Amino acid sequence: MSEFPVNTWWAAALSDELGEALLARRLLGKPVLLYRTQAGDPVAMLDACPHRFASLSKGRRLGDQVECIYHGLRFDPTGACTRSPYHETRPTGIAVETFPIVDRYGIAWIWMGAREAADPATIPDHSMVMIDGYRWIAGHETYRGDWQLCVDNLMDLTHLFWLHTSTIGGYKEEAGPLPGEEYIVRQDGNRVIGRNLIPNIDKPSATGNGIPPGVTYDQWNDIVWTCPGSLTFAIQAAPAGVRKADKPYMAQTHLMTPAGEGEAHYFWAVSRSFDNEEHHDAKWQHFFGNIFRTEDAPMMEDIERNMGGRELMDLRPVILPRDRGAVMARRTIARAIAAEKEAPAIAAE
Amino acid sequence: MSEFPVNTWWAAALSDELGEALLARRLLGKPVLLYRTQAGDPVAMLDACPHRFASLSKGRRLGDQVECIYHGLRFDPTGACTRSPYHETRPTGIAVETFPIVDRYGIAWIWMGAREAADPATIPDHSMVMIDGYRWIAGHETYRGDWQLCVDNLMDLTHLFWLHTSTIGGYKEEAGPLPGEEYIVRQDGNRVIGRNLIPNIDKPSATGNGIPPGVTYDQWNDIVWTCPGSLTFAIQAAPAGVRKADKPYMAQTHLMTPAGEGEAHYFWAVSRSFDNEEHHDAKWQHFFGNIFRTEDAPMMEDIERNMGGRELMDLRPVILPRDRGAVMARRTIARAIAAEKEAPAIAAE
Amino acid sequence: MSEFPVNTWWAAALSDELGEALLARRLLGKPVLLYRTQAGDPVAMLDACPHRFASLSKGRRLGDQVECIYHGLRFDPTGACTRSPYHETRPTGIAVETFPIVDRYGIAWIWMGAREAADPATIPDHSMVMIDGYRWIAGHETYRGDWQLCVDNLMDLTHLFWLHTSTIGGYKEEAGPLPGEEYIVRQDGNRVIGRNLIPNIDKPSATGNGIPPGVTYDQWNDIVWTCPGSLTFAIQAAPAGVRKADKPYMAQTHLMTPAGEGEAHYFWAVSRSFDNEEHHDAKWQHFFGNIFRTEDAPMMEDIERNMGGRELMDLRPVILPRDRGAVMARRTIARAIAAEKEAPAIAAE
């Protein structure tokens, strides 16, 4: 696991994953217990009782509280111990660490850094993925590799034309830039904003993009990466030359979170205008999840092994023209980590 | 594997496990070969030929000797090399390390420290577990966790009412101390001696305790822990208020031994007065072994992961009222380890 | 993995393993891609694209070139990048590391050290294994253990009479040297040359040695080890006392190559005079491969565990009379490693 900033919001789960059940998940190298109160609020606490470090997720839920299965300590959603059976009075000073956690955009965002700096206003903006009238689906995957490898992966979408030739990329004998293709990318504070545009496409979209058959079109993807692990894609199409769409025909959320050593979480969500009925959800759920599991995850696991635990930049990689966005992201992450080391108690933005 | 004292007797095996076959077992981080001579004496030696470190346990037994399967070196039970085929005369100065090993209380006890300090008189006393006329059964289990986690586990038996609710502990919505419950514990040299007493029980015992149906009774367990990994339990019952039993209705041996990194052995034995016929042995053998395998071992494996290889005390655990015995044991072990570091050649008490 | 010299030729593969397919193999701790050009020349390059370290072996072969499946970089057999799709002109200065690789004696030999020192004239001589009119078979195995353990194994063939009693060694209640048995061994530069001779054998050979039934014979094996991982065996027989054979009845190649941490390759080849028809090849292929997989490999894996990652000599092993050759080899290897540390850019002899 490479280093990572902690004073930031990370995706802990899909909001739909949290409910009555006690969910155990490793996040930022720590065991975390996730559940939802009866009122519906998400709860995140260290999944280790402060007494003997038993996993609270193996325990019993009593209303909104959790009881450790080892010696019966009970904790409420604030982490306070509400019962220690062999104490004569209710104990003070016993608590399990909890973490701020907020539902937004279908994601449960966790803050595992300095608590006083946790401001939900700094949760990355994924509002553009929630489009009225579109079907929204989401998924959670893991892979055995560093979390930044998937940031790199998503920041250079030319990989679609080699890694994903049999699924979303489409096969071409000689893939490469097309006449008029545009790639722009710029830094904006803790974000990197880019656009990939491919003009004059005459074959149908792999998914469905609203362009009538026979009409040549341009397609572009507006990408916003927010430090450290958040990306939104707004994928748009318009008849050739128009260069403007009312709204994306598909919008995507991509979120990476460090798990444990050499392991990372990947959360994704897609809003789609095509196949816009519920009974098509399962097909697209499988389509997007399966691409990650069979094409991206094996690639990142290979790279993890080939890098042998070393940092990417220490290996002096060749930098290609389309790496500008990925390099901006890597440098922004490195600065965020360095800033935390200098002033660990001050929140990063 | 946390540290451990070496100048002490550790349980290597159930005595019944040793026989004609060559048994390989990892003890205190070393490979050990265990067997029994034709006269019935237990033998323990390093399970690595001093020539090329082949496992002697893969070799051939010739009478009381063992022949290495790699190049034919033979060793007698003292560890002396009795034949090196390509030496012209019987070699001198070739030997495999052996370890004192003694059968007592149904257990084969091994001494892997400074040989001159190995005094069988210091084997922990389990004579109270061997009760005339009682059925005695025993088992060997392993778990992936530090050996001290099981000492902690057994020193705080309140875990019965949470971890073992479906087996020996019994389920209560609100488990906790009962009126008149007693917990006493005291240090006595390298031992910790305690009693847990629960008064005025009116439901039947999970096993059978000799109290007639309908009679309210008190039940108590006299516990002796001996540094580093030995416990005896004398579990007794008497009609309420009598507070005295001729003898335990059940007595137990519990022994922990470090195996390798993050792995430990657990040996147990139970003498019982109930179901006191041989054909009931298999049922109780399964009952006690299965509780460990399905309830205790998974708990300790969880804790091992949650502790991430760190020392318990370095994690600053919350100390509860019923941890007094466990803390006394941890401190005694730490003192024994420290004493060996100061004077490694002097036997521990 | 113990240390190893790098300025030397190591066996990378059987020549027959290389062809149109992209073969991934870990050698000397590095991922290596192996294939053969359309003209039949072997190619070896780092199996990690210099851009993002994707495995080139997962890519697409285009003529003699390889295209990375991640972002489409193409490399020719010299390692030069011939296409970077998003560069406006053919890129200069992008290359993947390649390694000299040479077919000889049915083996593809790789040089992973200082390139300027790679002289095929220093490939160990296995010409004596290629015998006109003999059937030649070969195999590739791996084991989880240090590469030098198999050098040790082959340098002391007395292990045949214990480890291989059920296959090539033959079972004797009291194995050991026979009257007149000879063992000579001497150092010759970076080689160790030895002979094992067993006189007056009256039982048939395990394989077939050309001696008529009923004739008592002598059998001897002329061994040449070349630093670091190469051995040839010339196994010969003649009626008792003759001590001379026109040619071996069987000749063998044995080659060890470090793979990754605690893992090694073993390549073998056998030329035989007996069963000298193609339809017998499969039987002997199974015979020799199976001995290694079921007898030698488990032995070396046991030893690897028992040594716990330490160097053999640091464990102060007992040295037996028949260890002279193995000790000479160990010392020669240690000198080669030390010489490279002093002058890393100068080729070893």
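We call the chains A, B and C, going by the order they appear; numbering starts again at 1 in every chain.
The rule is short, and it goes like this: contacts are C-beta pairs under 8 Å (C-beta built on N, C-alpha and C of every residue); 3 or more make two chains touch, one makes a residue touch a chain.
Quick caveat, the model's predicted, so the values are computed rather than measured.
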item: Rotation in the CA alignment of subunit A with subunit C, degrees, nearest 5; value: 120
item: Copies subunit A and subunit B touch via same or different residues, half shared test; value: different
item: Whole-Å separation of chain centres (CA-atom averages), subunit A against subunit B; value: 47
item: Residue numbers of subunit B (touch at least two other chains); value: none
item: Residue ranges of subunit A in contact with subunit B within the complex; value: 31, 47-48, 50-55, 58, 67-73, 84-87, 94
item: List of subunit A residues in touch with subunit C within their complex; value: 152, 156, 158-159, 161-163, 175-177, 183, 299, 302-303, 305-307, 312, 315, 317-318, 320-323
